[in-house]
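Two complexes, one shared chain (subunit A), two partners (subunit B, subunit C).
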Partner chain A sequence: MTQSTADYDRRIADLEARLRAFEGRLPPPAQRPRTAEMAERFGLLVAWVLLILVLGWFKPDQMFAWNSYAVMFGSTAMIVVLTLGLLIPLTTGDFDLSVASTMALASMLIAVLNVRMGWSIEGAIVMALLAGMAVGAVNAVFVLWFGIHSLIVTLGTGYFINGIVLWISGSNVISGVSMDLVNVVILTRFLGIPLAFWFATALTVVIWYAFQHTALGRRLLFVGRGREVARLSGVNVARVRAGSLIASGAIAALAGVLYTGMRGAADPSSALSFLLPAFAAAFLGSTTLYPGRFNAPGAFVAVFFLSTGIMGLNFLGVPSFVQNLFYGGGLVVAVSISQLIRKRRPMD
Partner chain B sequence: MKYLASAATLALFASPALADMDAARALVAQYSALPAFEAPGDPFDARACMADKSMFVVPLTNANPFNAAISAGMSQAAEIVGFNLRNWDTQMDPTQWIQGINTAMAEGYDLIDLQGGIPAEMLAPQIGEAQAAGIKVTATHLWDATTQETAAFMDGAANTDYVTFGHIIAAWAMVQTEGKVNALVLGPDEIPPTAPLRDAIIGYLAENCPDCKTTYINVPVNDWATLGQSAVQNALLADPSINYVLPVYDSMAQFIAPAIQISGSSAKMVSYNGTPFVLDMMRDGDIIEMVVGESLGWVGMAGVDANMRVLCGLPPVTVLNTPAYIFTDENVATAGMPANYNDGYGDTFISGFTALWGIE
Partner chain C sequence: MTTAPALQISNLSKRFGGALALDGVALSVARGEVHGLLGSNGSGKSTLIKVLAGFHTPEPGAEVRLYGRLAPLPIPGPRVRALGLAFVHQHLGLIPSLSVTENLRLGTLATASRWRIDWQAEHDSAAAVFARYDLALDPRAEVARLSPVQQALLAIVRAVEDLRGASREPGVLVLDEPTPFLPRAGVEQLFRLVRATVAEGASVIFVSHDVDEVREITDRATILRDGKLIDTVVTTRTSHDAFVERIIGRSMSAYGGAAKARPAAAPAVQVEGLAGPGVGPVTLDIAPGEILGLTGLIGAGYDAVPALLYGARRARAGRLRIAGRALPLSGMEPQAALARGIVYLPADRLGAAGVGSLPVGDNVGLPVLGRLKRGLALLSRDINSHAAQLGAQAGVKPNLPALPLSALSGGNAQKALLAKLLQIEPQLLLLDEPTQGVDVGARQDIWDALDRAASGGACVLIGSTDYEQLAQLCHRVLVFSRGQILTELTGADLTKDRIAEACFRSTSLPERSPA
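This part shows the complex of A and B:
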């Protein structure tokens, strides 16, 4: 073990102790039975399997067909990516309500640059990702330099971006985006599933690794749990929060790239409707695998749990309002479960 | 003779079970021809009548090219006749619609037109106020011409024949499948024109095509992105024999085309509107087979024609004379590259209206 690693571990242990002291009007957590802990960690996975079995009881031909899941995995990949972007600032204690707008901006930039201005699709994608990072940087300036709550800043920048998207698109849907992108996103398949899903899976693994096994991931978590304690322990809180907002913008832009590739077109507004599903999945994901923390594999499972429910409801032919109940109810139930895990302490 | 009589009897008994293919083919052929101008009413001297009059147009939203194109047609008509017409800027915001009505009252306009989908019932108090101030209030392209009633408190309305558009969509699918349509019909029920379009498509197939089958899914506009695509792909997975997806508005194509593609279905899409990006998708791909559209510049001029008749005390025109026109791969290039809302329909309506208004 090198000196710096040992030093880091010592500081982390110290930080954790201070964090407990800071939060800890509470006594140290009691040792919970292992079965209860396992039930909590894997409850959503079990619920997912049960959901498939229950829906499959009514519609076995569709619910037990691999193709149904291949199609669903491919078509919801961009929601996974958007959710992954969202959960980075959520981990550091910031809300980014502009992620869906950033997704729309990236999607429209690709269409405008590629279709209207004749850019190569690669160049257009790079510009879209840079634009996403720029949005994150602007959010960071207002949140950190002006000291405004992230909820207010990102609500405002989200609306501002919506205006830019309407402006650059002339309020039009733009179709005819390079088939190269469409081919890479949905037409090319591996194990019968469009590549979009494998991109989302790879990003999930990367973020999971970063959160669980790197110093950066630990710093993100500490900043979210107690900014003052983290600052006193030598963590550059402002830099961590700025970085998380910039990462969120970049990943939301990546979701926009996938969304454009999914349709070969971009429109000014439809991406905005993914904000609630992304929040629902982020919060639902925080109740599983690593309960009480926003975590990438949990979010990944949550997106497909919700999508499986929607798919089953479609197969059953229920009216569309039931699907809204499922999504909206999912968010409230997820947050409630999350709060129970947090012993009903007020949320930050 | 005896055999002929027997054959006739058999045909009589058999006819209810046979699809009325001839009628469907005739309908498709009729609306595949380039639109011709038919005067909506008697000629009149528009310049003399409108010399001291003005019009104020409140569109549903300027952010929608559909409304912007109708407004442009209205402005073009006002320019030809030579009267003051103002297009108000709105963004689908009821407070902006009300501000528009108040502005028109404050500035002394003679007529307010609620253009392209503003639900007039929501503005009944403001409309009553404007009327009390001596302003006529009308609507362009809101209600269906045959199945919906113009609100009694309006001074006039130029309505759209949505039923015919629905019939054309259904007839097209019948003709292409030789009477074996298995269609998934989609629409947002909260939008007023959805009901006449939806009922016309489903009703036409039910009445004229015994071997045809339809399934309807309501997808509210706000859920098109999140639920629309999944609804279509799951319906196609549940019933792979679906051969047509018929959204009542073609803007849904951006969610339907990937659903058809990703589910590996060979279904085709047919719809109504003639939205430019959908025509571009038709030109560049294979999923969108036919779109039946209407020239929005024509709609704008027809709306102004109806409004001028209200202001001039002439017999009212209640139906827009804008004909339907079928776009397919064969003629989609005439809609422009990229497509736009006005190209492809011909320009007979400009000379037609100009002559109708006594301007040469």
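This part shows the complex of A and C:
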């Protein structure tokens, strides 16, 4: 910008040359100490072990019994799946508040189609997954074509879907879903843990791989962090965002399939209470393993960290409202920790 | 005391690091005077305005008097109005979604605690204000629906009204480049308002690039160059040429151009009838190996051309012919441009060119992720070693691809982002102010990289106001005025002086057809 005299520029150029010679001799700038980085990456795993030890101090019989964990792993698998679905739009910079409603819809669709209308269980599952994708597509239309903030759109569509669920179920619990599904999800065990857990684990690996080791995963990250940068780098931002909303709808529906299989029945409202745990786990997971990024293994660990805490408090005989304290507090604490990692820059 | 000038500045200096941005400047504005402030980029006029607004602390020894009273230095920003100073910047500071009245009263609404606002009375008093200045503004209209001219008028009236309320004196209104984006008819309306304001006793400092406008509206004018006061002249006794001479000076001919010979090959890129917001129709061509510069004064429209050619912004019309194929520019998308070997480096480094919170390696690797895959897996290790290799060629320091992009200095980030584009061996390279906020050493590295790309056969198009850069780097420079090409400079004509001269002369010939 400055238009100064030739003499002045010569002096600057001279100084620059000396500075560059000096820079060349310097060691690379100090990286953060490795211990701090390790503490950040594995802090949540360490906290999990500590939590087990502390709760085990009071209730060793239950807290140190493998069966407690086998049951807990199986019964929280659908929260893992729901969280994994949520991670995708969070990474591309959109909120999806309709995931729990989509899960409830899928769960109820299976029960209605299978029990009331006599569809085969396979057909019902396919239909439920398609319904989840349809919800994602509707969200995408409103977010991208009308340009409305995803928070508002998915808040509205979520509530709308709750209405549909009440309607198709007549506000009743529908039980008697095919035992084939129940067998596959919860009754069949591997290493003592219901298959539902292993499905969730497999999906965690798939999402981890997609985020970490594919070009698509990097593009998702760029779309979330800098939409204009991504667009100018030739990424089709609208397609990526639409795809991520549709994927989250489909995966939320899968969580609904597991939820129905876990109980052999569907009720219109209980799935809705998983929205906050999923958000809490997604944000808590983003503080660990790959700190600063929404990541699948982090979310996986976070779900079981939170569930272990709740399980232990239940063993201690603490009333059930503590669940709300734990999940709600967990979300805010998780976001606060990730803000400290980001050195308290405003969230975007 | 009543005869003291409205504003008197003496011995005003401001140092940034080693550079003197202002060097003992003196300035006096009489009551009821319109005083022009002229100078090219880096002349120190914006620094002067920022000192008056209280953004900068001047060096000791400076004195600023308003209506004879010594103002405290640095000037206290919040009390600047009470001292008798008001500013209207190019960015007008209006809130588009609020009404005209709300914007007009923004100052009091934002600070005073009032529990009983009578909107009818507020609208009526706003209407009375506009009537006094003979303006047709609807107090209830939403500001977003006003034309750019009406918005500028509203901002000026607001500043004048705020002065009346806050200061006992009529006050000094500083208009900082208010006109470059206004049509001619709008400029006249604005000048009428300025005259009405002055008739009420206020003084106006009119900051501009545009010599003709300064000659039309001001009584006297002060010209700055390289932080020094060059002259204060009586406008009616100063010719257009005399102004231009004082603005660009004759002392800088030490900077010759590189006088590069233009490649003789047939053009590889042709642009026909490009039109977009504030620019067009523009027709130009670039030969393989040629570096073409686009420049002009602020508002001339040259800066939109790279973004429009890439599809980063939507063009209204035009065709781009590259490698024998014609692409309509009104439907251009970045993806399609990339597929044709066109790349674009925006000026907004961490907003549009790269993501600061992500690693340098990811930023550099983004366009070639497919190539870096090993079987099915894309490994961070491979991305980083690729980026480290490119970084070493481009001279990025420190060359650590795992660092976030925001950890690099401006110059090093720019080198990395340029390497990101050059790795795909583009046919057409579009750049917007490629060395803005970049240190001298990195600037040379970036020029060298562009020279290498051009000698490899790429077409390079640079939009810039850095005349020295254009003189050093380009084979040919097109000077824009009012959205059209006015002059073409090549060979021996391609010097910093001649480019500056062409830019400042451009305003005297507003309606000439493209050269």
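Methods note: the second predicted complex is superposed on the first by the 318 of 348 C-alpha atoms of A that agree within 3 Å, B and C clash if a C-alpha of one lies under 4 Å from a C-alpha of the other, contacts with A are read in each partner's own complex, and residues count from 1 in each chain.
Definition applied: contacts are C-beta pairs under 8 Å (C-beta built on N, C-alpha and C of every residue); 3 or more make two chains touch, one makes a residue touch a chain.
Predicted, not measured: the structure shown is a model, and the values here were computed from it.
By the touch criterion stated above, A:Ala17 is placed in contact with subunit C alone, subunit B being left untouched. Of the two partner chains, subunit B is the only one that A:Asp267 touches; subunit C does not reach it. Contacts of A:Arg225 after superposition on the shared chain: subunit C is touched, whereas subunit B is not. By the document's definition of touching, of the two partners only subunit C reaches A:Thr214; subunit B does not.
In the superposition on chain A, A:Ser336 makes contact with neither subunit B nor subunit C. In the superposition on chain A, A:Asn314 makes contact with subunit B only, while subunit C stays out of contact range. If you check the complex, the residues on subunit A that touch subunit C are 1-6, 8-9, 12-13, 16-17, 19-20, 23, 28-29, 209, 212-215, 217-219, 221-222, 225-226, 228-229, 231-236, 292. Listed in rising order, the residues of subunit A touching subunit B in the complex are 59, 62, 65, 67-68, 71-72, 74-76, 166, 170-176, 186-187, 194, 262-265, 267-268, 270-271, 273-274, 277, 307, 310-311, 314-315, 319-320, 323-324, 327. Against subunit A, the residues of subunit C that register as touching in their complex are 18-19, 21, 40-43, 226, 252, 254-255, 310, 312, 334-335, 337-339, 344, 346, 348, 351-355, 357-358, 362, 365-367, 369-370, 373, 376-380, 397-398, 400, 436, 439-441, 466-468, 496. On subunit B, the positions that touch subunit A within their shared complex are 62-65, 68, 217-220, 222-227, 229-231, 233-235, 237-238, 251, 254-255, 257-259, 261-264, 275-278, 280-281, 284-285, 338.
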